[in-house]
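Structures for review follow.
Common to both upcoming complexes is chain A, partnered first by chain B, then by chain C.
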Partner chain A sequence: MKGYRKYFLNKLAWFLVTLVCAFLLNFILPRLMPGDPVAAIVARMAQGMSNSSGVQAIYEQYTELFGTNKPMLEQFFLYTRNVARGDFGFSFSQYPRTVADVLSASIWWTVCLQFPAIIVGWLIGNSLGALAAYLKGGFDKVIMPVSIFISNFPPFGMAVLLMVIFGVNLKWFPTSGGYGFDLIPSFTWSFMWSVIVHYQLPFWSIVLIAIGGQAIGMRSMSIYELNADYVKYARFLGIKDRKIVGYVFRNAMLPQITGLALSVGTMVGGALVAEIIFSYPGLGSTILTAVRGQDYPLVSATTLIITLMVLSANFIIEILYGIIDPRIKAAQAD
Partner chain B sequence: MANVMLEVKELTTKYITRFGEDVYAVDHVSLKVEEGKALGIAGESGCGKSTLALSLMGYYFAPLHYTSGEIIIDGRNISGMNPDEVRKSILGKEIAYIPQAAMNALNPTRKIIHFIEDVIQEHELYITKKDIYDRARKLFETLGLPAEVLQKYPVELSGGMKQRTVIAISVLLLPKVLIADEPSSALDVTSQKMVIKMLRQLMETGLISSLIFITHELPLLYNVTDDIMVMYAGQIVEKANSKEAVFDPIHPYAKGLMGSIIVPEKGLRDVKLTAIPGVPPNLKRPPAGCRFAERCKYVQPECKVHSVDLRELEGGRTYRCIFSEEQLRKAYQNG
Partner chain C sequence: MKHIIRQVFHSGKFVVGFCIFVTILLVVIIYPLFITDSPLAILGQGTFFPPGIYVSTFDSINSPTTYTLDLNDAAAVRIANKLSSDDRLAIKDWLLVAGIPEDQIDITDTKKLLDQWSSNYDPKKNIPGMTNAKRNYFVRLDNSLKGLLSAEGAIIATKNPETGILEQTGIVNQSDYVNINQVASVRWLPLGTDNFGRDVLNELVKATVVSLQIGFVAGIIATLIGLTLGLLAGYIGGIADDVIMFITNLFTVIPSFVLLILISFSIGQEQRGAFTIAVVIGFTSWVWTARAVRSQVVSLRNRDHVNLSKLSGHSIVHIILTDILPYIASYVIMALILQISSGILAEAGLSILGLGPRTTDVPTLGLMMNWAMIYQAQILGKWWAYFPVLLTIALITFSMNLMNTGLDQVFNPALRD
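Up next, the complex of A and B:
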């Protein structure tokens, strides 16, 4: 267990370090955006007002409210304290809604869309890659080029493709939103059904991209493992192929888990783009509106949440990997 | 006469490469190993020792293919058998194998005991895990391996320990023939000694009935095996008892191989194969005549014309050359 603890602490330390860096960047970057967001809001509110001192008063009021007139360092401490409390302040673009309010409405859409999609894509991709390595021949010759093709597809390309084929031409699925615009969220059958139908296109566009990338990696890992010495030895001890194939795919899959940890960030990034294209009410769409409205508390909070999700996913995957693969323990022990 | 555990008649196998070329790496090899005996196989790298080891198992998979010949294990001819049947009832049980790269022979992510369960359950359907564990522990104790090894993963074992574990696993089902392909080459001297000791112990305790030991380090063979077979380019070029093969070889290749070993025992350790000038022929296009002709000091024009047959001397000693024993001995004396 000593080896594993070392591994765990090492991963935990890195997790915390990246988290702090991400937090700092999240605070600084949106504040470097050009333009004065408060001025923009005031301009919007003050449209039609001729009294310039009135405008000035509103401006000062907002500046006070958001704390943008304070020095950066003080803003940072305020920000840290507020974030720790889960208070991200007001949204500029959707004032008077709070950022926490906006996010809590959209985060579940993203979580429920992306995590199942990435896991399903990972599972299907690995199965196909393993099969291609094992069956070889025709199956391999079809799966490989297709995988390479779709894995090199930009995420928005896949989303647009599915949208055009299944949404616009075949009209099987709706092309935008998380549910019918004429429905009110509730636990009714018609609403649930609408959610499911709207889920399909964004879901599969994420799944497909993930499948492509995973299948390629799994195929080459499996081919490598199938030729390993232990396969030959197990055969010569009379062990059945079915069991040996079990060893091989387990061993080939292990590096794929680390591969998932490495690519989960890219996958989430791509998936956010897919959300935007399908106007899915998740974090992707939120961040787009936030950027457009120069809504820096919202931009900052959304990126922070996304970063946090990706880093945690990463951390969890690596922790699990350390438990599943005995080689980790052995490597750390000495 | 003692029971013959393994008899091989004119076994020929070939590799078919990715590009469809044939490599004739085992060419009409015949051999016989009696109960309680050990046979050594020696030869330079690439002469087909490992391929012979694989071919002897009677179960073939790409790129290695069976061409002709017979393998008889304890009176049972397995050459005509259905491959699935060979796998089920012969491999591991009748004939077992220790691969050249025993370091990587174990699945890195499976505990030793779980792998042992897989091996035994494959052949004995109704055995409980407890019985398997007891059996494995007893075997490990007999062979001087700590029982804790059973609960470890291969990565947690040292090289020497891994090697000995592989040997122990190979004899779990008490095979009649054990084929060990360079079981000690990659090890340090202490581990090598332990492995050799262990192989001897396997014979003495009756865990195996016969042994085929492959190596390119001749001095090792002399201490372990009763007979030695020298291979060159996929063929047997000489077969003799260990002492004769090491100290009194007949075939020019065997002579070159053993050449520098003159002082018995003393200094034997340091003698490795002497370098014979030149390289073995490409087995994709083996030469028509004697395969050693290109490198032989005594080559005659007729050596290259027809393939050369094995000659058998009194007492069963064989060698493959156009010259008689006397002619060769005379030639050696003249330098």
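Up next, the complex of A and C:
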């Protein structure tokens, strides 16, 4: 276990460094733009709003909370303090709800939708890829072009297609929302069932996209491993094919785990857009409403939360990788 | 060089991808030469007109020559077309009440259905449980069916400018036809109109051009940044390598679309042109190129020919240009192709979030998708508003990926089947 400690600490340090940098970027990028973004947005909003006194109130509250009229350094400390407390101020577009309130209502939808979908997609994709490499022939000829086409298909496109086929034409599943619009969230059977039914289309659209990309990578990895010397040697020894395939799969899977860590950010990005297509009440739809309502505090907080989610997912995958890959143990033992 | 190109075109995947891409490119170049209408011109007063040929009703009535064609099935087709499926079901309901067994009613057989209706319908008949509205509906249905069945033509009347009284100026018989080539105003809308009433095909062609431009600009910027950083990190090494790799690793894990969202949102709707978006996409997607170039350069750095060049006293620039770049050129081109296709996808994703280029100048594939989604074309079944856009995006990215895979197989013999 001692050998692992260095690896874990190393990864933890890297996680913290990236987190700090992401936080800094989240703070600096909007402020690098000429002018006070909040003031500009409020000015634009006030033109078309009848409730301008309300906007004025939020603006003053936000200015005080985050000190947008103070020097940059002071703003940064204020911002850090507020974020550490989970206080992101009021939402412009959904006043009088606070940003934290809006986010806590939507984040679990996204977490419960995307992470299972990405993991299921990864598993199915890798199995298909390994099978294609092992079986070759007709299976490979069908799976590969389909995977290549699917993985090049934009995630929102897959969402639209599934929705049109299974939601609009076949009417198997509802086309939008996270649960029936006539229901109130509660722990009743009808509500649970409605959630499950609404879950299917967004879930499978993310899964399908993930399958395509992973299958291609796993296939080439497996082909590479199947030609490796140890496989030939194992065959000479007369080890059963099934056992060899198990070894090959395990070896080919390792780079795929790193691949997952590196691509999880892109996948989440695509899945957020897919959420929008289905009006799923997650973070994707929150960004959309925030952008439409020129809701600066909400956009800033949502992007921060998404970054945090992706970085944490990355961290967890790297830790898992450390446990699974024996080479890490060997390297750290030196 | 010639040999390499020949080899590349021997790869089946590359050729297929290349053909698809060139076809798209040719279409978007040639189409505007013939059809010069503004792609953002609003033609239709209404949303989502279905694809088809639109003939001016006024012009066809006033067409100089009319032709009389005696087509036997014309009347039947006309009635069948007018009678909606709801009306047919209503007729069936009535007939069932009137006592006709269900197996004798076929709502797809228009003629038999109308015969049964005319012999069984009785406006005075009182059906228990029927609402007044329903009764009135049946009366209206009966009247409209009588109108359909009559053999008389439609009278055209114009208002006399002096007296203000309508005067008959002509009659359009049921057997009158016009030749579509002789009607003055005909507009073919192969893909119908969108939610603003704009010609979708026209818009799609322009949008493809703009999206490809965005992809190219973003791809070239990303490749240039990635190439420069990768060369610096890989060839110079030392602190430069450490710093650049730190930044690269940082941006590998921080999701680039989050940066895209933040930057595009901060720029503001008015300042976001297509070019700005392309530049922003380029600046957030160089990471992979930098990593790939660096690892290639590191493996090249200590090759004999590079060392020889160093010993000969060539400058770093010279060494990079003549001894390193040619070896990684194929790699960079493959990366560029992928960057272009991911740039197009990034623009589309941003536009769906409402952070795409401003909507007033040019259409892009993402913006078209965004409008179709806002107006719920997918739920209303208006496939022409979103499906061609999706297909175009998919074909572009698919063809680019095929080209990339093909090139990969040519340059990395280990991957050949």
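Criterion: the second predicted complex is superposed on the first by the 278 of 334 C-alpha atoms of A that agree within 3 Å, B and C clash if a C-alpha of one lies under 4 Å from a C-alpha of the other, contacts with A are read in each partner's own complex, and residues count from 1 in each chain.
Note that a contact is a pair of C-beta atoms (placed from the backbone, for glycine too) under 8 Å apart; a residue touches a chain by one contact, two chains touch by 3 or more.
Every value quoted in this text rests on a predicted model; they were computed, and no experiment measured them.
A.B. asks: Just from the overlay, do chain B and chain C fit on chain A, or is there a clash?
C.D. replies: fit
A.B. asks: If you count the residues of chain A that each partner touches, which comes out higher, chain B or chain C?
C.D. replies: The larger set of chain A residues in touch belongs to C.
A.B. asks: Should A:Asp229 be classified as contacting the first partner (chain B), the second (chain C), both, or neither?
C.D. replies: first
A.B. asks: Tell me which partner A:Gly270 touches in the superposition: chain B (first), chain C (second), both or neither.
C.D. replies: In the superposed model, A:Gly270 contacts chain C only, not chain B.
A.B. asks: With the two structures laid over each other on chain A, which partner does A:Gln200 touch: chain B (first), chain C (second), both, or neither?
C.D. replies: neither
A.B. asks: To the nearest 10 degrees, what angle do the lines from the C-alpha centre of chain A to those of chain B and chain C enclose?
C.D. replies: 100
A.B. asks: Who does A:Leu311 touch here: chain B (first), chain C (second), both, or neither?
C.D. replies: second
A.B. asks: Would you sort A:Phe149 into first (chain B), second (chain C), both or neither based on which partner it touches?
C.D. replies: Touch partner of A:Phe149: chain C, not chain B.
A.B. asks: Classify the contacts of A:Val299 with the two partner chains as first (chain B alone), second (chain C alone), both, or neither.
C.D. replies: Second partner only.
A.B. asks: Determine, under the contact definition given at the top, whether A:Asn251 touches first (chain B), second (chain C), both, or neither.
C.D. replies: first
A.B. asks: Examine A:Lys240 and indicate which partner it touches, taking first as chain B and second as chain C; both and neither are also allowed.
C.D. replies: Only chain B; A:Lys240 stays clear of chain C.
A.B. asks: After the superposition, what is the least C-alpha distance between chain B and chain C in whole angstrom?
C.D. replies: Minimum C-alpha separation, chain B to chain C, in the superposed model is 9 Å.
A.B. asks: Residue overlap on chain A between the chain B contact set and the chain C contact set?
C.D. replies: Shared contact residues on chain A (touching chain B in one complex, chain C in the other): none at all.
A.B. asks: Any idea which chain A residues touch chain C in the complex?
C.D. replies: My answer: residues 14, 17-18, 21-22, 25-26, 29-30, 32-33, 37, 40, 148-149, 151-157, 160-161, 163-164, 167-168, 175-176, 220, 224, 262, 265-266, 268-270, 272-273, 276-277, 287-288, 291-292, 296, 299-300, 303, 306-307, 310-311, 314.
A.B. asks: In their shared complex, at which residues does chain A touch chain B?
C.D. replies: On the chain A side, the touching residues are 228-230, 232-240, 243, 247, 250-251, 254, 325-327, 330-331, 333.
A.B. asks: Contact residues on chain C for chain A in the complex?
C.D. replies: For chain C paired with chain A, touching residues are 249-250, 252-259, 261-263, 265-268, 341, 345, 348-349, 352-355, 369, 373, 378-379, 381, 383, 386, 390, 393-394, 397-398, 401-402, 405, 414-415.
A.B. asks: Under the definition above, what is the set of chain B residues touching chain A in their complex?
C.D. replies: Touching chain A from chain B are residues 57, 59, 61, 87-88, 90-93, 96-97, 99, 101-102, 104-111, 115, 118-119, 122-123, 153, 155-156, 166, 169-170.
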